[in-house]
Amino acid sequence: MMQESSGETNMIAKWDMKAQMAAGVVMALSWIFLTAPAQAADKTDAELDAETVTIVKRDFRDKGIAKIERLNQDDLQALCTKYLDNPPRKDQERLQTEQEKAIKWPADGKYMGDWKAGEKLAQSGSGMTWSDKPEAPAGGNCYNCHQLSAKEIAYGTIGPSLLHFGKTRGTSEEVQRYAYGRIYNAKAFNLCTNMPRFGHIGILTEAQIKDLVALLLDPESPVNKD
Amino acid sequence: MNTSILKGAFLVLAFAAFVTPAWAEGSASGEIAKYREMISDGNPAEFDEMRGEELWKKPGGPNHASMEKCDLGKGAGVVKGAYAELPRYFSDTQRVQDMESRLITCMTTLQGTPEKDITAKPFGGDNYKPEIESLVAYVVGQSKGVKMNVSLKHPKEKEAFEIGKRVFFYRAGPYDFACSTCHSQDKLRIRMQDLPNFNNIKDAQAAYTTWPAYRVSQGMFRSFQWRLNDCFRQQRFPEPKYASDVTIALTMFMAKSANEAVYAGPGLKR
Amino acid sequence: MINLERRKALKTGGGLGLLGLLAAVGLVQPGMAWAKGEKSAFEAKTMDEALDALGVVTPESSVAVRLTVPEIAENGAVVPVTVDSSLANTERIHILVEKNPSVLAANFTFPEGTEGFVTTRVKMRETSMVIALVKADGKFYRVAKEVKVTAGGCGG
Amino acid sequence: MGNPMKIRASVKDGVTEVKVLMQHEMETGLRKDADGKLVPAWHITEVKAQHNGKTVLESQFGTAISKNPYLVFRFKGGIPGEKVSVNWVDNKGDTRTDEAEIS
């Protein structure tokens, strides 16, 4: 599922960049830079980067469906890690285009499924952990990070609120396609977003994603009610 | 902070047409805070501390030796305040160790218990309470009220911190998650649960000084090794080996960030 | 006393079940009937069944009874409940959770000299009303509040 | 015999407040274990507290009381150094009594 990273993981650039940005944010100097030593011992940042990868690969083990291959970063993960989610524009555009091209659009040209099934999926936070069974379908994990319906008060705030998503944007084919694409692979729109690539990685099926699109857009869905 | 602010701004901009940040509204969080206050009295972790103290003083293992000569970094047998200075470098083992890893050293060298017997099933479950978990409860309880004072003086300690920091930002797995995905911005929640921002010293201190903890949802005392293990599970990573260097490095990164705060564990969590 | 309460309840038409009836007509020793009554109250699956088994007839509401519960419980396994009654001669407090598989959570009896106050923690399967029933001077009072039980994320 | 309780009793303005933390699984009988088998009900059914040989609280627990039950109650009187004892009985007939000095 994961590709071996081809890019080297030199984190000097990453920390330098972080430091530059910190300098630009007058009141928001991170404590890390106030307290952390510039270098550990005699080791260079590059050496520490290499050692980190060695230790990570040595100190994890397979458990259930979670195999150690999951630790191998693909190009996107490596780039986002290296630049703390703010990669240079050129790299960002290149990888984003790659991700976008890989989106598999529904063959039947339909994007909306059943919002009721979508709501169930949105509530479920399971899937892909070592305690999940391989045959059990993954949940959408939506409420973990997003507000969706006014009724559900237990929603996360890692992602933006999606309350009234369809009510605000309508249900044109363009909007449907956008929502489908965004759930299928949010990284095709925003390379280092926190949101998983649900379709691209195969976490959710095409039918499940359609159900989630319906949850977002259907006028009868709780997302579009008050 | 810096990057996360930028990132947060980016997200908000990207969605600004139709959303407002959900955490702007805080009444539910206020109610949760009240709930936590209401359950803060009567922490069942006290029972684990009691059991741990007994185990500490009682001869055990093939050598029939107690743990009372165990050196947790402040000299053989000194438990008081030891946890507030961990992880640290130990010259006898020539490595940086967190509490659990150090307890393993003592259980193997003093008591003669094979390491694999300790690490095979190190977390509690239905009708199962490993000795090391109770020892953890006892040892951390002996640092209650002590200021966190983790040192990075030894080169190996610095190295552990630097590696821990890198592990914290390492994105991988089917969900592309890193620790930082959930723990590098202020005021985020998963569902209803507040997420401490480890780039914010106040958050980091509050989180670190209230672990290990009794988890009411599981009816069980949980060590810091368990906390990291379960984070990695939900990060969709494979399993970190118990008390391995990767977990110690990450612990070092977080423990250092809690310096100056008064240790208040074992905590009581939802 | 207990017997009398039940007799009164019977007269006013409150359902008592066989045990209550037997107790009321003196066929069962009051103490024995009470013990069995307790058990059936704990087995009650609905509010009505529980109130029946406890011999409660149309409880009144009272500002002298304070029920403290969280509005939102982060976890249903531990929901703190405090009942504080300033009614004179508070004899008993019952804590009930309407939507639990068994609605009665606990009974507390206060001898002379013990205050009408108790704090404990209950399990809740889902969002539900939590009810405190207080018996003072032979009369029942009722206070209820809703507790929302939320779905959890990873949690600190 | 059950596991020990933690009892704290303190008197203030003539009223003794007692906080009790008990160790008990409080199985509802409705929970399934990892193999999908029902775990049988196992819970405290009765709790009694005494002060100077006089009963100060009687209580019955159902299955809805949380694991490791916590209880706070108050009675009039009590002098520092006097003892408060608490006893519980569970549905398997197990029992435990502990006491604490009023502070």
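Chains here go by letter, A, B, C and D, matching the order in which they are written, and residues are numbered from 1 within each.
Definition applied: a residue touches a chain if its C-beta (ideal position, glycine included) is under 8 Å from a C-beta of that chain, and two chains touch if they have at least 3 such contacts.
Quantities reported herein were computed from a predicted structural model and do not represent experimental measurements.
Between the chain pairs B-C and A-C, more C-beta pairs are in contact across B-C.
One simple way to say how far apart two chains are is to compare their mean CA positions; for subunit B and subunit C this gives 41 Å. Once the centre of each chain is set as its mean CA position, subunit A and subunit C turn out to be 49 Å apart.
Averaged C-alpha coordinates give centres for subunit B and subunit D that are 31 Å from one another.
The mean-CA centres of subunit C and subunit D are about 18 angstrom from one another, to the nearest whole unit.
Of all residues in subunit D, those that touch two or more other chains are 66-67, 70.
Counting only residues that touch two or more partner chains, subunit B has 28, 182, 189-192, 195, 216, 219, 234. Multi-chain contact residues of subunit A, defined as those touching 2 or more other chains: 125, 143-144, 153-154, 156. Every pair of chains meeting the contact definition is listed here: A-B, A-C, B-C, B-D, C-D. Within the complex formed with subunit A, the residues of subunit B that make contact are 1-3, 5-7, 10-12, 14-15, 17-23, 28, 152, 155-156, 158-159, 161-163, 165-167, 169-178, 180-182, 185, 187-192, 195, 199-201, 232-234, 236-241, 244-247, 249, 256-257, 259.
Of all residues in subunit D, those touching subunit B in their complex are 3-4, 6, 19, 21, 23, 25, 33-34, 39, 66-68, 70.
Partner subunit B is touched in their complex by these residues of subunit C: 68, 70-75, 77-78, 80, 121, 150-156.
Against subunit C, in their complex, subunit A makes its touches with residues 123, 125, 143-144, 153-154, 156.
Listing the residues of subunit A that touch subunit B in their complex gives 1-2, 11, 14, 18, 21-22, 24-25, 28-32, 35-37, 39-43, 48-49, 51-52, 55-56, 58-63, 66-68, 70-73, 76-77, 80-81, 84-86, 125, 128-131, 143-147, 153-165, 168-169, 187, 189-190, 192-194, 196-197, 201, 203.
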